[in-house]
């Protein structure tokens, strides 16, 4: 089978893993902005310049996040700095270009170069699979911070999207007594099916007074002052929601509550697995493009 | 707390259970079209006429299905026949009226009487919770028909909606080796998280040759002749999908395949549980109405 | 590798399955007392006489139970009757001879012929693995007899040996609320780890009043009259214990309790799986003998 | 109900938790060798001398381990040093005296004072329940040390006693692909029932070449040089077995293998839960004594 030329530019252990795995599967892989080539397997060709990297490239894989400053490509493994626009001009016009967390501003700039940036972070399957390392990372934090086992603990999960569902599954399997707070009746039905007690989000203040560990997945301040003041003293709050999170952390601190905001866990706690998920997602995108053409 | 006057007209064990449970929770419950009053607890007032049943009724619960002939109310526990329109005219104008599987024709007729029929079968939480008795009923059939345990069996689930997800969960827990065939990448991701092998629906012919038991949940003929001819001789096919099902049953029979179409399992295998689910759903509807007013 | 000559004499679907599977693995398999040879695959040589069956036989597999009358070999698939002693005299002196449920009387008779009968029913791994079809069969009965799902049901398991542990695991996974009654503190600890409520067997009368479904695995009459009179009216009692079972069934009937004694489930509900378990066990015995010599 | 006078002497957070919990349940609890009384709740009476502690004491709870030097009572929360024999003489003759990890030498000394030391570490239910914090601690280590999720990892568990069984259950639930290596056929049968692949301990060298994470529970050097040289380079070995462990750690290091010996995890990772387990065990002992008398 035909295997495309793939260029990986920048990124952390996750993108390095993507490069290694694609090379192992027979793709011709070039990597740019990886000074420490020890993390790359011999099958990956480390190149020195954007020109060498992008000549005849059919697939271009950019990091997650694509850029920290909206100008340069995010490249923690390189001392060099490379501007995005210095790449965009060199990318062959029919290449598939993928990146993670693409702002609309950058998408517009890329479009100016005739490039349609596919944001792999927006893919549903990546979001689903990322719930697994997020969940394991959250549990690891709970284990480190508490003197009690997950088994037997009374745990609240606020919100019941992807992360909430995966958390519920694992926590129940580990023997926790799990309550899920959500708004929709159908989510509460799923929570019951997974072996959890289900309560309406409106009753949050009541339910927090009975738990020792809380995982929030709701990106709104549902943990209001009234809710926080109902916490047990020993209760640990771990927030997995993106900005603004489920609580005003300053207020939580003032109330003496131990609250931890654990963001972007997959890349931190399990970069290899997170890289594998990115690789699988990218291969789905590649396959879809193949089918179209 | 204020408890409404509830009238239950017709239905099977499920509606009888709803009547009994609401009476136990303090509602004033009247039942019509239940000759065999032994299935009703003493707290339910069995009435003889639509007038007695509907006078001042605040909530009216009609059966699932509402009617078998589009004219009379479905009432397997009564020898009497009662036309829907003979009830509609007697229902107080501000009553909440619930029924299951309401056709657009009947909905129109009811609307002519100023009645908005709420179809509880359309509620998402009922559909989710009904996946549980469906799943147990399907497993019971597999147990009866096969000389092999679920444990260790190679099982395929086609489709990964509500029923597919609940089936996967239980089958994996029972020790089956489960493969899920679905179209969407995100569904395949969920299947993997639940401990299943995930394959694209396009590869159905390949995968069926390796399994002994199939649960279909896709309401299209995805099991084409090409797929059916790849079945192992001992493979059992159980279809849980609504019309037209996943296969042409005549063709399956001609090919010597054991195929069972198991429809409407909740009411058949676990009417009490199915009634409990209807009751919970109706209480959600009642609560939502209470909040609005 | 060297493959022994194996003779299978008598038995039901389970022994037929053993014959078929050993033939498929390359053993030279002969079968006696199987008139309906359709259940045997072509690889098995159906023979007509004990002489033809046992000449040079290295492994002899007898049925489970070996005999129903202590005289003839149990052979439901044959119209012929064959006395055990008519076989014993023909078995080569160094053959490995296996049978299920060997009474001490028969063992003595065999010993008179210089034969040491290995009872495969006494093997611990067979007992462990048989807990799986027993458990599935018990659940199938519960599903058939009740109008309620396993999910959400309040279930009691009395006794916490092999069957109790497997039942607990599956029932909890299916969403039942399981209580385990046992005597030993360590068993109660295991029950808790598996997600069950654990109570002392002495509190049986108290706990039965709160459950709807009971699986007994204790082969003593722990369900005394005092316990039985505490049952809920709708409670179903399924006894999985060997004689004398956990209850006086006459007394249970007099008290209006629905009690089912489900014995020897593996061979009844899943003969293929039960045969596979026997085959695996026999291969373990054969391997152990190989290592010794 | 009658509640005994209980004296807790020495110990760490676990014994402090025992004191707090017994006080909360209405026992009259005295504590000695706890300088930092903040870890004790107001219900516990902190006393200053052995005489005050032991006068009329009915139950005496000593720490785990009882002593680090075979002379003094283990008391990490106190600056004072107290010899065991200075306590033994003061214990009322009919008191129940409990301690953890009692050497035969100390048991003999105690016997000289007419005291029978009950070693709660020897209780089967404590060993069973302690498998839970051991398992969670082991998983926390694996999460910290690896860049990969437990989900999807190929894991080997060597040995299948209490800890092996609990590890298997949790790892399978978390989505790992688990292989169990054990000697006994019945243990391998249990491993299969729990959803694991089962291999004979004799095939350890073969199986380690296919896994990324190993938890050993066998207290012998089953991981010989021949086995170690078959490890994958990235494989992490975590040893949960007591002395001498499953490997020569010097040899493992020389071979470049990452090996961690994780001993006494319950007290380290989850002292509150470990204390709760001790408390439950002690209450079982107390109840048994009550029944006898």
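Order of writing sets the labels: A, B, C and D. Residues in every chain begin at 1.
Basically, a residue touches a chain if its C-beta (ideal position, glycine included) is under 8 Å from a C-beta of that chain, and two chains touch if they have at least 3 such contacts.
Here the structure is a predicted model, which is why all the values come from computation and not from measurement.
The minimum number of touch steps linking chain B to chain D comes to 1. Note on connectivity: the fewest chain-to-chain touch steps from chain A to chain C number 1. Rounded to a whole number, the gap between the C-alpha centres of chain B and chain C is 37 angstrom.
Shown for chain B are the residues that touch two or more other chains, namely 132, 151, 175, 193.
In terms of which chains touch, the assembly is arranged so that all chains touch all other chains.
Across the interface of their complex, chain A is touched by residues 151, 175, 193, 195 of chain C.
Interface of chain C with chain D (complex): residues 123-125, 127-129, 131-132, 166, 169, 184-186, 188-190, 192-194, 281, 284. Touching chain D in their complex are the following residues of chain A: 13, 132-133, 136-137, 139-140, 143-144, 146-152, 170, 173-175, 269-273.
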